[in-house]
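What follows is a set of structures for review.
In the two complexes below, chain A is the common chain; its partner is chain B in one and chain C in the other.
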Partner chain A sequence: MRLPDIFFRTVATPVIFALAVLGFHFFLRGHNAPGGGFVAGLIVATAALLARMARARRLLAFRSETLVPLGLLVAVITGIVPMLLGFPFLKSAFGHLDWPMVGEFEWATAVLFDLGVFLVVSGTTVTIIDLLAEDDKLTRMGKDEAGGEGG
Partner chain B sequence: MNPERLLLLTVLVPLFSAALAPFLGGGLRARAGWLLAAAFAPGIGLLALAPQARQGRPVEAALAWVPSIDLELAFRADGFSLMFALITSAVGFLILLYAASYLGPGERHGRFYSHLLLFGSAMLGLVLADNLVALLVFWELTSISSFLLIGFWGSRKPSQDGALKALVITALGGLALLAAVVLLALAGGSGRLSGLDAEVLRSSPVFVPAVVLLVIAAFAKSAQVPFHLWLPTAMEAPTPVSAYLHSATMVKAGVVLIAKFGFLLQGTPFTTIILFFGLATLFWGGYLALRQDDLKALLAYSTVSQLGLMMALYGSGHAFAATVHLVNHAAFKAALFLVVGIVDHKAGSRSISALGGLARRLPVTAALAIPAALSMAALPPFGGFISKELFYEGMLHEGLVPIVLALTGSILTFAYSLRFLTVFFGPYRCQNPNVHEARFPFWLPLTPLVAAVLAFGLVPWQDTVAGWFTGLAAPSLGYQGAPLALWHGPSLTLALSVLTWLLGLALFSICAPFNRLQRALTPPWNVNTLYYGSLEALERLAQGVTALTQGASFATHLRFIWLAVAFIGASVLWRFLPVGVEPVPLEVSAVALLILGGVAGVLAAQTRLSALIFTSLAGFGSTLIFVVLRAPDLALTQLLIETVTVILFLSVFRFLPLLTRYSRSRAVAGLDAVIATAVAATVFTLLVAVQTPVAPRIRDFFLENSLPLGGGKNVVNVILVDFRGYDTLGEITVLGIVAVTVIALLRLRAGGKPTVEGSGREDRETT
Partner chain C sequence: MNLVAWPLLIPLVSAAVLLLLRGRRIRGVVAVAAALGTLAVDVAIGVRTFTGEVLVVQMAGWPAPYGISLVADGLTGLVLILSGVIGLLTVLFLAISLRHPPRRGTGPLLNRAREAFGAQALLQFLLMGVNMSFLTGDLFNLFVAFEVMLVASYGLLLLGGELPQLREGIKYVVINLVASALFVVAAGMAYGLFGTLNMADIATRLEIHGPDPRVGLIALMIGLVFATKAALFPLGFWLPNSYPVPTAGVSAFFAALLTKVGAYSLIRTFTLMFPHERDAQLIVLTLAGITMLIGALGAITRRRWRHTLAFANVASIGYLVVGAFMGTSSGLSAALFYLIHSVLVVFALFLIAALAECIAGESYRAEGHLDVYPWLGVAFFVAALALAGVPPSSGFIGKFGLVRSLLEAGGTLRVAVAVSALVAGFCLLYAGMQIWRGFFWGASDAVHRVHLPRGATSVTGVAVVLVLALAVFGGPIFGAAERVAEQLDGNRDYLEAVLPAGQVRGE
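Entry: the complex of A and B
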């Protein structure tokens, strides 16, 4: 595949990293400010798109579809653990820890569930993006109109 | 260990072992069976609860299931349940040991053991369940695991057919049970089997429909005429499965159901109905068993026949005789199936006409087969004789027709039991010249079963094995466990037994001409014709509906979908006509104009690219609205969705043909305009309707409790991951399914990968 122009490629690399960090940030702050697993998953999807367009390679080194069952597993386990402790399915708990040096820190088990959401959303979107892009390699017959526009 | 915990472990340990089995099966191959057999240890440990159950004091245990609707997973080990759970566990233990020798090296061992243990857990849950809902769930679970096990060799056409037939018929019974359970729980005033009030139920108007449904469920599961068709084809399953599910345990679930609900039936006409259906099954199963050439098919029809016998006894209230025969049958029939497995393995055939004189080459197997088969034939001194005597005694109370049917059925039973044994006697006949006896791990699991067959005949007195065991069920089924004995003195039942042997022997001696007569008398249709006929009709109907609604044109799909939306919307929403609309902020109107411009642009667009750009204009416009209305979470999500979708759209454009004007006739265009207007009106009304509160608003609850209950300041997020966590779990599951579908469509489609698979598919299509 013809690589897009050098400026785009150069700028894309730090932007992809910035998007990854932004996604993580949105995931973490989701409990108390706009954000959360769903949005964070979509941000990762944009990072994957950028990686595809600018550098013609996949975002993740492993098969992204493995994230989907992993995420579902995390979400279901978050639901089952309370059951084992005698609570209803998906019962959540939260509390505050006062750590020396760091200060007060809130923890919530709902974040783990959100992690499951994040994994499923990012896994699904990145998988679809990768599949469409890889398919292009196989079926492309010279004419490459959208790739040019993307670049 | 305390009894409650033991009871829970009985069901849960096989369940968790089923999850473990695929890993063990991968490493240990077939030998995993020896290890996994231990999963039934808690079930066998239920023996410790026997003294308590004999005194009529059941052990109860419950797990919270859905506490918000007061639903719990309640188990109750009364004597009968305990007895059946012991049979299920003990036979399951032996079957797993046997399977370790039966399965070849190339099989999918993990899957096999996993499904078998899943079944074991479901069966134990079914017999021990006290809660009606739990009973239903376990009942369905046994149907599903039976389907999976029959279809274990699913690449073979008969396997698929057998698995499907078993599932369709037992699931039909499951639906009947669902309805019955709902009716019984509502009318009986309790969701618990032990809490049902027989008096209240009998005077309830739903009593008759509830019991009819219950009986249908039991008949379907226990393969009673006319539902018997699924059991013989279920024999496509590996032999350990046939021995376990389709003779010793699952097929008895219907019989167990009738036994457990027996207290409802006494004194109603249903006893007679069940009696005659059972006896008809006894006769018809025996008649068909006699003409089979395949050893396994013979045993399958024999099982149908014997289930009829038990059904007749339980239905007519002879619970003691029925229980004695249930135990006997579990022992001898499981043993006989396992014998067939060994014969099949060693001789390479199950055909009676192709085999003979195997006793010399398979001495141990023959020695184990003979007592089991003679017990089935009801000869002394084996257990089957005792239960057949009790059966005759019961039928003598029922009148002339039942006793004649019982006698005929038993004569047929005697004849086919002898026919089964012919493979071991006479001149040596076998395709395979090198038949040699199985190694001991293969036949060892049979020995406890055959020992039980012998013990039930030889030491049947009250306090030894047989009497003690059948006495367990006495308090819960409400019978007096009479002493069992081989010799009752001269009596009418003994005379009937002798008559059975003589006529059975006579029938056996003319077996070959009789089989020819049977074949000549075979009608061109039977229940199978009906089954396949209705299946075909259903498929044709489905094809017709699919062709009508899901033709090749995407536009047609959309028309159907949007018509449905408009129709459903219009039929509901006219009741919520706008009462008043709040004034719209000025910013929103401005953005709305932007969106409208986008929509108009899409309609006027000449190329795909411009259409896409106009679409995204509408999409980003919606994002702006969320910003204006100060919904940052929604705005953020919408923004990202728009971005990703637009880019994805661009990347799939290469697969699409160039945009040409979509040609349609004036009439179709008019229709489309009408549909579009109707949908728009529906959506508008819907949006206005949600402004009209029909119930107290829930948003205040979320706003107030997000921080104190969920610990988060972002209410949207707390709703998603906490208050409405169930919904989110469902949504991400759907998302996962979408991912799998996309993978299937893009990665696995023909042409996407020029591999061997692709060429194989083309071959299939051309042939």
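Entry: the complex of A and C
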């Protein structure tokens, strides 16, 4: 396959990293300000799209659709664990840490729920982009699974 | 530990796990185990709520008007048990119909490609949405539950990508998007007017608020949204053609439960928030009265199994909503009994139709199957009589209760609705007779013997036995329905359980 324009490829690499850092920033910021797992997931998916366009191959080494159920499980388990400990469903524990250099820092278990959201959103978006990019993949996926299991 | 959140969590977790698993057999086992677990929790909740207890969970511990409440009262317990039973039977039907694909006419049963694309996982998401809309005590959360349910149902409806599926799928998606948009607008207006979306909180504020035309408008909008979901005339034009297109087990689940979720939401919102909005209630009652007739007449005109049954399902929704909206407690209890009857009988009939379609294709004009498949004939006979409401079936108990309370309540509109209920009953009987004459009656020379998967026939058998059991235990079950209807009158236990102490206006 013909590789994309050299300028585009060169600029894309730092932009991808910048987007990843921006996504991480929005992810952490979302606890008390606009942002969070959903927005971060979309930003990181944009980075994945850019990487795909610049390098003409997929960003992730594994199937991106597995991120969706994993994210769901992370989010639900974050809700279930407090129930098993006797608290209401989805109750978040939080506290403050005093780190050297960084200063005081608030932590909350709600960030795990956001992590689940992040995984679901980025997984879904990347999968959609992949499917649109390889339009024969839909049919191939069905054939692989239906034929591969025998019986 | 409080059980109320588990009917959502079990399907959600199992859906996620099902998406990760590779291998048909293990997916089937996990799906059945999840459905069994959900049913167990549903029964546990039902047993506690039938005694009059109201179970509440406040999400993340935020108190009622600020957080989202999950509430289970008697009505919730009743519909949860129904959804658990139907969910388990559907999961079994899908899992079994895969393992032994029939030799001919594979169309209506689930095939491998559909399963590989996650039919079982989508069904668990659908169950989660259904249970969430039963449990939620928050208007916006109810919208979210409907969206979860709808997105899963889009997937299930379109899985397979056959031409009729795409054609009907577009109508289904568009009508549901329109209804959802209207729902959000109505919820926004409710928030603007009351400053809260907690349904119990809205109910108490309405008592203080007094009469207001804007409340009537919101009630009407919400009524129309749920009337669309429940497929009331003229908003239900999408249903009779779209429910027959997915694979058989899925379309049985859709017909038995999804429209009933709309009916449940109508009952819940109007008994809890809008018991005094007479105009909106009369409009819904009139629509439901027409729906019965349209559904029953439509059932006569169709010549294909599941198309006929889909129209019959529309008619039974009409009966159900008529009972709930006639404005008397006896009508409501008859409607609740009819809800149980309608779910079970429609489910059984759709499974019978699935087997019949495996034998002879979509049309029921293929005579002489009684000699070759006597048990299928018996099963259809029982279920069709129950659908039409011939004594001593469960349908008779429900319809008798409905018509009696309509006539007791009096008034031109109610008497007209009672007459249309009787006419619709005769039409449904005629539709059943047509299928009987077309499919079962006649000479059996031309009939081919088709191997039916034994699992599929036994699940169908269980569904028919449930229909019979409802008639046999009609007395106690009707008694339970009456107690649930009493709880819904005024909803004082519900309000006191959800809201903080002192906020409900005491007597």
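Here is the rule we go by: the second predicted complex is superposed on the first by the 131 of 151 C-alpha atoms of A that agree within 3 Å, B and C clash if a C-alpha of one lies under 4 Å from a C-alpha of the other, contacts with A are read in each partner's own complex, and residues count from 1 in each chain.
The criterion applied here is as follows: a residue touches a chain if its C-beta (ideal position, glycine included) is under 8 Å from a C-beta of that chain, and two chains touch if they have at least 3 such contacts.
From a predicted model like this one, the values you see are computed outputs, not experimental measurements.
Engineer: One more residue to check, A:V21. First (chain B), second (chain C), both or neither?
Structural biologist: In the superposition, A:V21 contacts neither chain B nor chain C.
Engineer: Name the contact category of A:T66: first (chain B only), second (chain C only), both, or neither.
Structural biologist: second
Engineer: Please work out whether A:G36 is in contact with chain B alone, chain C alone, both, or neither, and reply first, second, both or neither.
Structural biologist: First partner only.
Engineer: Which of the two partners, first being chain B and second being chain C, lies in contact with A:V76: first, second, both, or neither?
Structural biologist: The answer is both, since A:V76 touches chain B and chain C.
Engineer: Counting residues of chain A in contact, which comes out ahead: chain B or chain C?
Structural biologist: B
Engineer: Can A:S92 be said to touch chain B (first), chain C (second), both, or neither?
Structural biologist: Both partners, chain B and chain C.
Engineer: First (chain B), second (chain C), both or neither: which does A:V11 touch?
Structural biologist: Neither partner.
Engineer: So chain A touches chain B in one structure and chain C in the other; where do those two contact lists coincide?
Structural biologist: Chain A residues touching both partners: 65, 68-69, 72, 76, 79, 86, 88-90, 92, 143, 145-146, 149.
Engineer: In the complex of these two chains, what residues of chain C are touching chain A?
Structural biologist: 1-2, 5, 9, 12-13, 15-20, 23-24, 57-61, 112-113, 116-117
Engineer: Considering only the defined contacts, which chain A positions touch chain C in the complex?
Structural biologist: The touching residues are 65-66, 68-70, 72-73, 76, 79-80, 83-84, 86-92, 141-143, 145-146, 149, 151.
Engineer: Spell out the part of chain A that touches chain B in their complex, as residue ranges.
Structural biologist: 26, 30-39, 42-43, 45-46, 49, 53, 65, 68-69, 71-72, 75-76, 79, 86, 88-90, 92, 94-95, 106, 108, 110-111, 113-114, 116-117, 120-121, 123-125, 127-129, 131-133, 135-136, 138-140, 143-147, 149-150
Engineer: In their shared complex, at which residues does chain B touch chain A?
Structural biologist: 64, 67-68, 609, 632-633, 636-637, 640-641, 643-644, 647-648, 650-655, 710-714, 716-718, 720-722, 725-726, 728-729, 732-733, 735-736, 738-740, 742-743, 746-747, 752-753
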